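Each chain carries a letter (A, B, C and D) given by its place in the written order, and its residues are counted from 1.
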Amino acid sequence: MNVLATIDATWFDLDKLNVLVALVILSALILYFIYHARRGKALFVRRIPGLESVEEAIGRATELGKPMLYVSGIGGAGDVATIAAMNILGYVAEQVAHYDTDLLVPCIDPVVMTIEQELVKNSYTRAGRPENYKEDNVCYLTGEQFPYAMAVSGMMVREKPAANFFMGSFAAESLILAEAGAATGAIQIAGTSAEHQVPFFIVACDYTLIGEELFAASAYLSREPLLLGCLKGQDYAKLVIIVALLAGIALLTVDACLPSEFSQWFVQLFASAGG
Amino acid sequence: MSARILAAIWRNYYRQIIYALLFGVILYASFYRGKITLRVSDMTLGVFNAVEAVPQQRARKIRTLEQELQTLRARQAGSTEVALVAAKLVRARHHSNGVILVSFDFAPDVSPELTPMAEAVVRHAFARGIRVVGIAAASAQGAPLAKTILENCAQNPRGLYPEQLSGTHYVYLGNRPDMFNTLMQMGKDMHATYETDYGGRALAGMPFMRGIKTFHDVDYLVVITGYVGVPETWMQIANTKYKAMIGMGMTAVSISGYMPYLQSKQITGLLPGLRGAAEYEIALGEPNVAVRRMVAQLFAHALVVFFIVVGNIEYLVRRRYGA
Amino acid sequence: MRAKLPMLICMVTGALLLLQFFVPHPFVQDTLLEWISNSAMIVGVFALAIGLASLLHMHGNKIKRRLPGWGFSVITLVTAAFVATIGLLKPAWGPTVAREQYVQCEPDLHGSIRTTRVVRVVHTLFGFDPQSSTTNVLIGAAIMPVRANRTPLYSWYFTYVHSALVSTTFCLLAFYMLTAAYRAMRIKSWEAALLMVAAVIVIIGQVPADQFVPLGHINGVSTFEWLKQLIMDYPNSAAKRSIIIGVALGGLATGIKILTGIERPYLGGGD
Amino acid sequence: MAPDTFMDLIGVWLAAVLSLCVFSFLFRDNILYRLTEAVFVGGSVGIGIVLTFWNGFYPKLVVPFQKFIAAVAQQPAQRWVWAAYMLLSLCLGVLFLSRFSRKQAWLSRFPMAYLIGLGTGMGIPLGIQTFIFEQTKATLIPLVVFQGELVQWAQINWIATLGNTSLVVGVLCVLYYFFFSFKKTDLFSRATSRLGVAYLMLGFGASFGYTVMARISLLTGRIDFLKEDWILGSLRYFGW
């Protein structure tokens, strides 16, 4: 008995049980809907204005015969926002491949650059135009935030891209990029998971994907049932959180009116270990 | 005709015009010597008045100690307790105008916001003949910066006070690793904690430090910090454990979390960022960097609002009369 | 093999890292996590090599073909090489500046590390003294040798060129905010109008504007300051919170897709 | 950073001139800006190399291995595991170099898969804990707030009550706005989504306004540097 207790204490952190439970519930929901979607029922996805304009932007760039610029944020390859940005890049590259316009992808992380080179190349191949791919267009600039912002600003002024995409995770450089791009008169589409930077993109760009919309983008663009299923799972996970919120708020309001403190246990369900 | 040309210029060069205006406005503000009136808020006054009251408080402390010593001597002459109180009295009389301890707990990254505040407090103390002990409890990177601030105040009196000397009017101790334990030890014996000042001079031989041993020999503590968490440590040790009076200065961003301490009277005052510094300088009657920077802020904010309004008027006019 | 094995690697490492979160054992939480972060760093070093190769390739091409702006490519490469060289050199060989420096000393007798002042620097500008990679400093009352971390020239470059440029680039934001606000905060739609109203209230509430223009008071603070606090506390936190929750869910979904191999970014869209 | 020595003086002048070059970009792109950009980007690449070597590669790999080999016979089992792991990482890293070969480039997928696996595995539980849980917990607030101990109509703190209610409504509406897979055509849905957008816009406007002060501070600091350290500092250096 005693041994069991020590094993528990060293090999499983009971304070983090709530995280485990939430992880299991949420991922079960998401996985359930993904497998549900495999059966191929058509799934609905709501309009995302920022993404509908992607084609418009590509069209305009090819019309003008000017290049396009795709910035996938300053996150590393393990950052989910960067991965979402890569998904959109794949789609954009496939569309662009048909035309003779360049797609410039300056990178801040060498790993991200490696993946994106591969990605763009494969997209061009899939579109049947592998000869249009130029390796130097997907390049590494530097690993630091502000030099990177400065270099990309310079690139925008000199290459005069007709469309700029800023997707992924951003920090203070968001507005430097977006304003320098706006000054060149390009169509700008941004999307970021960094909630602090959304306002700057909103004021300086034509379309902005807010927060979670960035993650929904790959499903929206590809309409692949698997990804749409995942989106559905996400929605149900959100529903679970909303229900939990409603329940907790009702309990606490009753608490405040009685007054009592019996519903603190509910708040404690969301407590993080050690904090 | 000319209006049309102007409009065309504006449409093509509005960025450059706006940028030049902002640059000019801030440059102008940095030379601004005119008077501005700022209402000094209660938060700022809490710190200002506490520093202002230090000399009186020291006098009161000396009187209390004298009385205590007399009664003790009458009752139990020669005991260790008498010796202890006598030593306290000697220390208290050593700096008869009182001592404040200023902790410069910030690194260079937030220096534009906090340096003016630190300077205002130190200047205030110097102007009232109060001695200053400077430390950099939380940040090793901030230690050289704090030295510069203190020296700058001491060497540029601007007619407020004579030039102040290190080791006579103030002392700067620098940073020691492990903030929590450093503060705990300082509550018992600063000499043992620091051993030397920032320049490497031994504290033991320094006449200035004869008057200062623990937090009890300091009349007021000012903690200026940009780090979340540092105020808690100070509160825990200096206030809760050693009952020292504390005033604080913080960056505008982190201030809202510490308002409750003000309400619970754990700190006497709270300087909110650049604005607090400006108010402090106004209270001191010596407008300086902070006021200048605050003027710059005011101008710049007014400019932003102005251009938002202009943009809207432009938009409405265009919609009304076409392009 | 080409697709399955990377997938397996990703799934296994991901699952292990996911599980370690729940294991409080000190070996896992301290030692293993440090190993993992070191290992990621080591792998990353080679990624940097790829990045540098790409950089060389791009600029090299520009220089070879004399494309417009090839001179700037030369400058970029030369600066990179120069800074890397002075930074990688042992301190003894760098030209230096005779001045006070503050460095972290090696542990003294009591084992505590302290920041102390360097009072004498051995090297002079363009001096060469391979014997001493140390400089003499005053610790307490005794003069002791201290190891300087970098060549002084590198520190000089870092302070006066790199940091200065970082701060200047950063403060371009002040200018950009102004033009962005001018262009975008117009009452084109009700959304834009709301954005503008909130921004204007907060901008005015941030500064003591009421001392120049009479704006009235509520609860002892000026009206705009009070409104600002209200907006920051309620609508702003509400918006931020739900965005954060949404993003976390999106991230969770992406993470699960990667760990189950449904999404395979490391394949770069190929098989 | 007022100059004390000759090298400082050169440094301050360089810093000031480079800053002005960056500012010149605001007017239009020009050769000075391109020069500064080239120096800045090149320098940051160099600094990246230096930091990777001195802060990572050297202390984390080279030094520990030197120590390991120096006393290789007495190493405990744990150290051997460590050494094996680090060597494995080294090999994984070397696989990146396969990118230089056209045929074997696929080998670089291994280290990439490894790094992505690390990132996502680490991020999942942390995301639940620090984002979902913390934010949910912060939103668990009573809708009614009383000023004192008494529960009476007269004791209701109306501002806090309305504020809390609006906060809760806002969080729910914005969450609802982010539903992607439900058809939202009925009146209730549209109204809720609209309200969500309204909250988002108010929040973004406020964030924008709140940042103005910090950015202006940066600019003020920079202009002060030009004025105090560069011009006045140089004058002082020459004994004015």
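Just so we're on the same page, contacts are C-beta pairs under 8 Å (C-beta built on N, C-alpha and C of every residue); 3 or more make two chains touch, one makes a residue touch a chain.
For clarity, every value in this text was computed on a predicted model and none was experimentally measured.
Chemist: For the chain pair with the highest number of C-beta contact pairs, give its two chain identifiers.
Modeler: Highest contact count among chain pairs: C-D.
Chemist: Taking each chain's centre as the mean position of its Cα atoms, how many Å separate subunit A from subunit D?
Modeler: 16
Chemist: Need the CA-centroid distance for the pair subunit A / subunit C, whole Å please.
Modeler: About 20 Å, centre to centre.
Chemist: From the C-alpha centre of subunit A to that of subunit B, how far is it in Å?
Modeler: So the centroids are 43 Å from each other.
Chemist: Where the CA atoms of subunit B average out and where those of subunit C average out, how many Å apart are those spots?
Modeler: Averaging C-alpha atoms per chain gives centres 28 Å apart.
Chemist: Two or more other chains touching the same residue: where does that happen in subunit B?
Modeler: 15, 19, 22-23, 297, 300-301, 304 - these are the residues of subunit B that touch more than one other chain.
Chemist: Give the residues of subunit C that touch two or more other chains, as numbers and ranges in rising order.
Modeler: Only 21-22, 44, 47-50, 52, 55, 69, 165, 169-170, 172-175, 177, 179, 181, 183, 185, 195-196, 199-200, 203, 206-207, 239-240, 243-247, 249, 251-252, 254-256, 258, 265-268 qualify.
Chemist: Multi-chain contacts only, two chains or more: what residues does subunit D have there?
Modeler: 22-23, 25-26, 34, 37, 40-41, 43-45, 47-48, 96, 99, 108, 112, 115-116, 118, 120, 122-125, 128, 132, 136, 139, 168, 171-172, 175, 178, 200, 204-205, 207-208, 211-213, 216, 218-219, 221
Chemist: Could you draw the chains as nodes, link the ones that touch, and say if you get a line, ring, star, complete or other?
Modeler: Shape = other; not a path, cycle, star or full graph.
Chemist: Using the contact rule from the top, write out all pairs of chains that touch.
Modeler: Here the touching pairs of chains are A-C, A-D, B-C, B-D, C-D.
Chemist: So in the complex, which bits of subunit C are touching subunit A?
Modeler: On the subunit C side, the touching residues are 21-25, 44, 47-52, 54-55, 57-58, 61, 69, 165-166, 169-170, 172-173, 176-177, 179-181, 183-185, 195, 239-240, 243-247, 249-258, 260, 262-263, 265-270.
Chemist: List the residues on subunit B that touch subunit C in their complex, please.
Modeler: 14-15, 18-19, 22-23, 36-39, 140, 143-144, 174-177, 195-196, 198-200, 202, 275, 294, 297-298, 300-305, 307-308, 310-312, 314-316
Chemist: Quick check on the complex: what are the subunit C residues that touch subunit D?
Modeler: 2, 5-7, 9-18, 21-22, 31, 35-36, 38-50, 52-53, 55, 69, 72-73, 75-85, 87-88, 97-99, 125, 149-150, 154, 156-162, 164-165, 167-175, 177, 181, 185, 190-192, 194-203, 205-207, 228, 230-249, 251-252, 254-256, 258-259, 265-268
Chemist: Name, in rising order, each residue of subunit B that touches subunit D in their complex.
Modeler: Touching subunit D from subunit B are residues 15-16, 19, 22-23, 26-27, 29-30, 111-113, 252-253, 274, 289, 293, 296-297, 300-301, 304.
Chemist: So in the complex, which bits of subunit D are touching subunit A?
Modeler: 22, 25, 29, 33-34, 37, 40-41, 43-45, 47-48, 96, 99, 105, 108, 112, 115-116, 118-120, 122-125, 128-130, 132-134, 136-137, 139-146, 149, 151, 168, 171-172, 175-176, 178-184, 200, 204-205, 207-208, 211
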